[in-house]
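There are structures below to look over.
In the two assemblies presented below, chain A is common to both, partnered first by chain B and then by chain C.
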Partner chain A sequence: MAENSQTPESVTLTIDGRAVTVPKGTTILQAAEALGNRIPHYCYHPGLSAPAQCRLCLVEVEGAPKLQPSCITEVQDGQVVLTESEEATRQRTGVLEFYLANHPLDCPICDQSGECKLQDYVHAEGRKHGRSREPKRVFGRDDFGGDILFYGDRCVMCTRCVRFMNEMAQDPRLTVVERGNRSIIDTFFEEGVEGSPYAGNIVDICPVGALVSKDFLHKARAWDLDHKPTICPNCSQGCNIDLHVRDNRVQRLKPRANLEVNQYWMCDYGRHRYEWMNRDDRIESPVVNRSGQPVPSDWSEALEALHGRLEEGVRPVKAVASPFASNEDLAALRHLVDALGGGEIVYRLPRADREIPLPGFPRLSRRRDLAPNGRGAEILGMERVGDDEGAGGLDELAHYTGTLVVLGDELADLEADFGQQAALYIYVGSHPSPAASQADYLLPATTFAEQEGTFTNHEGRVQRFWPGLQAPGLARPAWLVLGALAARMEGGGVPTSAAEAFVQAAELAPEFQGLTYESIGTRGAIINEPVALPGA
Partner chain B sequence: MSDETTERAPFRNPGWAGNTGEFELSEDEVRGRSYVGEHAPEGGHPSRVPTVPYMLPEKDPEAPLFEGPYAERFEKILSRYPNRRAALLPTLNLAQELRGRVSPETMAEVAQLLGLSDAYVRGVATFYTMYNKRPVGRYLIQVCTNVSCNLCGGDEVLAAFLEHTGTEAGEISDDGLFTVMEVECLAACGFPTAVQINSRYFENVTPDDVPAVLDRLREEAS
Partner chain C sequence: MAYPYTHEKEVRLLSRGWGDPASRTLEGWKALGGYEGLRKAVEMSRDEVIGVVKDAGLRGRGGAGFPAGVKWSFMPKEKKGPHYLCCNADESEPGTFKDREIMRWTPHQMIEGCLIAAYAIQAEHVYIYCRGEFFETNEIVGRAVEEAYEAGLAGKDILGSGVDIDVTVHVGAGAYICGEETGLMNSLEGRRGLPRVKPPFPAASGLFGKPTTINNVETLSAVPHIVVNGAEWYRQWGTEKSPGTKLFCVSGHVKRPGNYELPLGFPLKELIHGVCGGLREGRKLKAVVPGGSSVPFLNAAECETCSLSYEGVVEAGSMLGCASVMVMDDSTNIVKQVRRTVDFFSHESCGQCTPCREGTTWLARILKRIETGRGTEEDLETLLDLGDQMTGTTICVLSDSAAAPVRSSIEKFRDDYLALIRRGEKVGAA
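Let's look at the complex of A and B:
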């Protein structure tokens, strides 16, 4: 909303004494948000319709006979809004007291504690002591199926979940049952929300601890979790997400708003595939394999020895890349292969049989390509091989006799004799496997969760991600390892940061030219070529 | 209505709100005179007139939705509303009239008929207390215990009904005839205690009237 004062259809109003200019049709709540003033609210959610039923966002508008719900009241020129006036504050305190009349005070065992809007609002503006002497009504908890558990007593009846299922998932399985203080969110008896591919989002948008994830149940406290911005690695949509990390382990994934990619949502398929980031079986130090004897090594020794081998003379190079590697990693591989005289690079990519779009926002879809960076590999001239399981396709390479470089691909489906006929077999990756462990040079790389980098999603949007986990042992980003090798071969500079590695990538791929980490920012940038959707 | 002309004349449709002319009811049945004792035959309070008989005494929980005259009435309901969703309440009424209650299966069938989600129909059906979500007896006896009736002994009337039917509130009596429940205002505050039995109103009911009313119902049922 930076340049909106220039647009003809703009409106200037005053909120709490500060003037703000916003486009016509903006609500008071959104205008206040533009000023950094977050008006308390439950039922309003930017991605859903606003029924104005929670009565928490009522603000004083000069000239209006009574308080106005700011989430649906559109701004008008010259309007004077008071969100902190005595009347507005008094009414919020009153509404909050009603919310607490039936809400259990089980914060110590509630998963939402620490990120709960009721907790926050009551702490800020609630009464110090409740006056209710009536017993609270009790519902207990209900299993909604799938990953969702419902604690009826904690519900504040904002109906965000009902509206998400109706408007976004367009699978109207949730409803308000009964009335008055017996009202409760429920499905059609035992139906549940199981099988709804986006149902996990109702846990995210629940402002209190009524809807919780079974996977995350009692696993960690909200205040112990570091939120690390990254990109979902589970398909080529490239949803913006946060890794929630405690004790160097990913505890859950949460969507991060990006209106052009995933709005506020993510699919359950992606949400529940994070355990592999916590795998403990890792390649932790460089291993040099001398005539069948694996010898752990350190980086300078291993790279020195490997450089010597490469100097001795390089046979024609063939390489295997991974679509789970960042643009920087893939470009560094391309760079190294080019430095060794050039050669074919292939990658394998698991593929689902269908897309799973979110009906209310079909631009968001669980894509068929089940890896984040197949597009990046394609841009860097790599060729896709193998089947839809992400297996096969490497039969020829398994018995290749030249120089073989593998980046990232775990080779889980291959036998231990993979690459044994190669003159030189270099494996750069994170997880050991029989086929990888036989490499002449086994070099530990970080996963995407442990490094900075970029992915190119299905529509050619380059998006940055940031490290969320500490890499184990001596694991280093592949762009650094491969970049160091290429620099030794060619005498160029070693990239010292992911941003520099991206600059080098842009030199290799014209599509990335003109982009920098700064210009990509947190929202991503589309590469300069007409968009061709894969799998169309 | 004029006093002289209507006293012995066949009952004529007085044109009250909601009378669709679909039921052949005698004036006695409409007025409920024989059940509540000595009331002026020309009538009294309009609340004694049933609007829609929202539950037939003969109920068939397995009755199909909707066939024969009910199919016609369902079509008629649909024609009154701009979309099918708006027709949900009267459709549920019709289903309950036929089956005596709105069971989960009924909700699902109605949802199917109207193109709504099952969950939505459940939400609506549970919002309104006059849809019976549980089975009820042949006669649903609803005793008002709201302010006026309460002041005039509504609780005693309720207790009398429970005693003489031998049931707990909301349960079905052993003979399957009666379900007694407490309701809020029946809009007959001038004639406490008001009792609604299926679609008929009984006014100025006292605990002493209760056995006679129940005997009359048993007789009718046999």
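Let's look at the complex of A and C:
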């Protein structure tokens, strides 16, 4: 065959006077988006089927007898589309007025206020004054079970929630009942969406305040929230998420689109495990334990003293790492252990008894490994110990007599005598515990939410995250603390940024070689699979 | 014959046998020449059958008036999977009561038409979607289908032709929107009766996603006559663009309301004053809705010259629709009539599209306010504007149908609205 059948045919059209070339089969709405022109819409969602029923995205197509729904109309070569023509604008203004005819306008007490598509669209193109003088239809509020509340009066009947439950969750618990102006979203049974593991997404995709989270109810106003991009730390899937932060506290988690990892979704298991990021019991400054007397210290003093101890040559070294630590943190630990002559590093990882896939996109699943970076620890040559609760496995280490370094693991299941027989016990972590607090050197580290770094997910995708919270007190990223120590021991350079720390990690693990923060970007990059050369 | 009213001007083609319970049976229908059309059709090629219906110019009697033969020719010639025929017997347009009479008196006429059409489009299955409220009718149709099976006219190897055509009678659950062709298909599939976005059109992807043709009862009932007698014979009635006869359902303020079968192109004036015996004593004609509640009103002057053909009614300012002629004399409160019509559409909107879901109810509420003396002149502008927003902006045409009588009544009977508004202002109704 002379022609390459792999090349998708492309189509060139004009939207509002600007030419755009897109692959055949693209819709007008998508093509407009490629030009940065977001055509208002409710029922269309890129992750779901398009029923073309909200009638908000209608645009003028030259030659067509009437306005066309841009969400389902495929582009044609030479097509001329007008999204801002008098007729198209009039259509949007008209549809918006229809929405407002029965909308309660309770924005002051609505959680969606500030991130509401009805507010946005009406603000942009609504009529100055509504003409409706009629009494409004009242549905009231309904508990949909689980974390979800339904305010029927705010609903715009886009049916995204129904389609999500049917198509993605494949757990049809929602439907439209009645017809015409009396139509309303409802559940089939009393328990509603309770127990459906991905139901929280219907709150995210609801364009208005009809579906809201009980957990978030009246907790914060949308405009007070900072959106901080990060990676969900609650399993090894590595869903791209945003921390929504106010007053240095995480208020909720929301999925961030990444078509290859989690599309637009995240599971409820991950969504509802963020409170620990707001814990107030923190290790806030370095503490040096001298014969049972904990003495708060500062970094230069503590590191100076610790360096002296390490120079004394207490060996051999054993270490405990945490799969909640970043690649950079883990690599810095590996670096330090290697600098001290090498030694075994173990980590403990809670593991669920089963995966919970999203049937409509099974690449997304709540994985069995309930930590974000077990794969990173594995790549850096660490060994998993302990049980599926993430406990046990450290009996031998508890009474170890050499140098003991712990990174991140809270040691919550261990007694205060942990490490007391060690020649030197260094603890680098965020939260105090009886077993941690007795360390000779207790060094405060930031959590993933307070630092920049990368995790390696279950499929070997290295993904970046960014700081969302201010670290308390003197807490510093573990890669900086451990990297400084290693540099002192070996005479190398101290990494001055997470990006540099990653470069150092890549020197330790061939899987990371060639990857940089730049190449990982916001979408992540797959690690190099180890290649066995023939004859090697 | 005893059928409620007949008139010498009628051409009783489809309505032959009405009023006589005997014609309900297979024997009775055969005595009227029944199933000769089917016998003849299966000896013809499929294209010949489509050809004769095309030549006869038979237009869809469900309301849109699309030529039936042309519709059939959209079906794929090469059969790759099942083809279906839907017979739309969900007659529910207010003012329409012709399909019910066909099914009540001559169910075999419809079944024969279904079988011929199914043969022509290579459909192996016919679904007759009956309106749920037609209890007696549905029983009669069910019995007739059984008879047809027993006589080897339906099912396997019909009339020894080697062609298999099954017939299923499906009874709806009472939703006007299930008479919309794609809503009907969703309903048949067990889904909510929501009209589908077109394209794809049913001939490409219809019932169960397979090529499907859907025709109205009256359309299909005309087919056997055309196949037996030919296209030229059928064209002796009607006009060039609207050949044949049509059942007119006349209701309202006439002396003899009822079903009348007349050649298309019959003068509306003569239908009212001649065939139906005229208006009640001392009354004057005020308005006529010529094609079911979805079409615009005609005022008395427009009725004078209106010819009842598809093109004639459009010329007069409305649409023939399904030829449900509602006659209103000068005792009629037009606003009330429009409000009731819009109430109906508001109740029957499926609720998918925003302009229809919200618009129909809004129109109804404004109309109710005007009717009860609480309207303003501004409301009339709002009504017209909302009607504009509801026209041509939705998946199906229910929304357009609700807007049409509002617009035409305000244009043609504005004084009626203003009188109610002024009276309200004077009395000071709250």
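Rule of thumb we're sticking to: the second predicted complex is superposed on the first by the 519 of 536 C-alpha atoms of A that agree within 3 Å, B and C clash if a C-alpha of one lies under 4 Å from a C-alpha of the other, contacts with A are read in each partner's own complex, and residues count from 1 in each chain.
We adopt the following convention: a contact is a pair of C-beta atoms (placed from the backbone, for glycine too) under 8 Å apart; a residue touches a chain by one contact, two chains touch by 3 or more.
Note that the structure is a prediction, hence the values are computed from the model and not measured.
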Looking at the overlay, what does A:72 touch: chain B (first), chain C (second), both, or neither?
second
Touching A:497, do we find chain B (first), chain C (second), both, or neither?
neither
Return first, second, both or neither, reflecting whether A:101 touches chain B, chain C, both chains, or no partner chain.
second
Quick one: is A:85 in contact with chain B, with chain C, with both, or with neither? Answer first, second, both or neither.
neither
Contacts of A:179 with chain B and chain C, given as first, second, both or neither
both
Which partner chains sit in contact with A:132 here, chain B, chain C, both or neither? Use first/second/both/neither.
second
Chain A residues where the chain B and chain C footprints coincide 176, 178-179
Provide the residue numbers of chain C that touch chain A in the complex, in ascending order.
175, 177, 192, 197, 346-362, 365-366, 369, 382, 388-389, 392-395
Using the touch definition up top, name the residues of chain B that touch chain A in the complex.
104, 107-108, 117-123, 126-127
As the complex stands, chain A meets chain B at residues 172-179, 186-189, 191
Show which residues of chain A lie in contact with chain C when the two form their complex.
51-56, 58, 66-67, 69, 72, 90-91, 94-95, 97-99, 101-102, 131-135, 137, 156-157, 176, 178-183
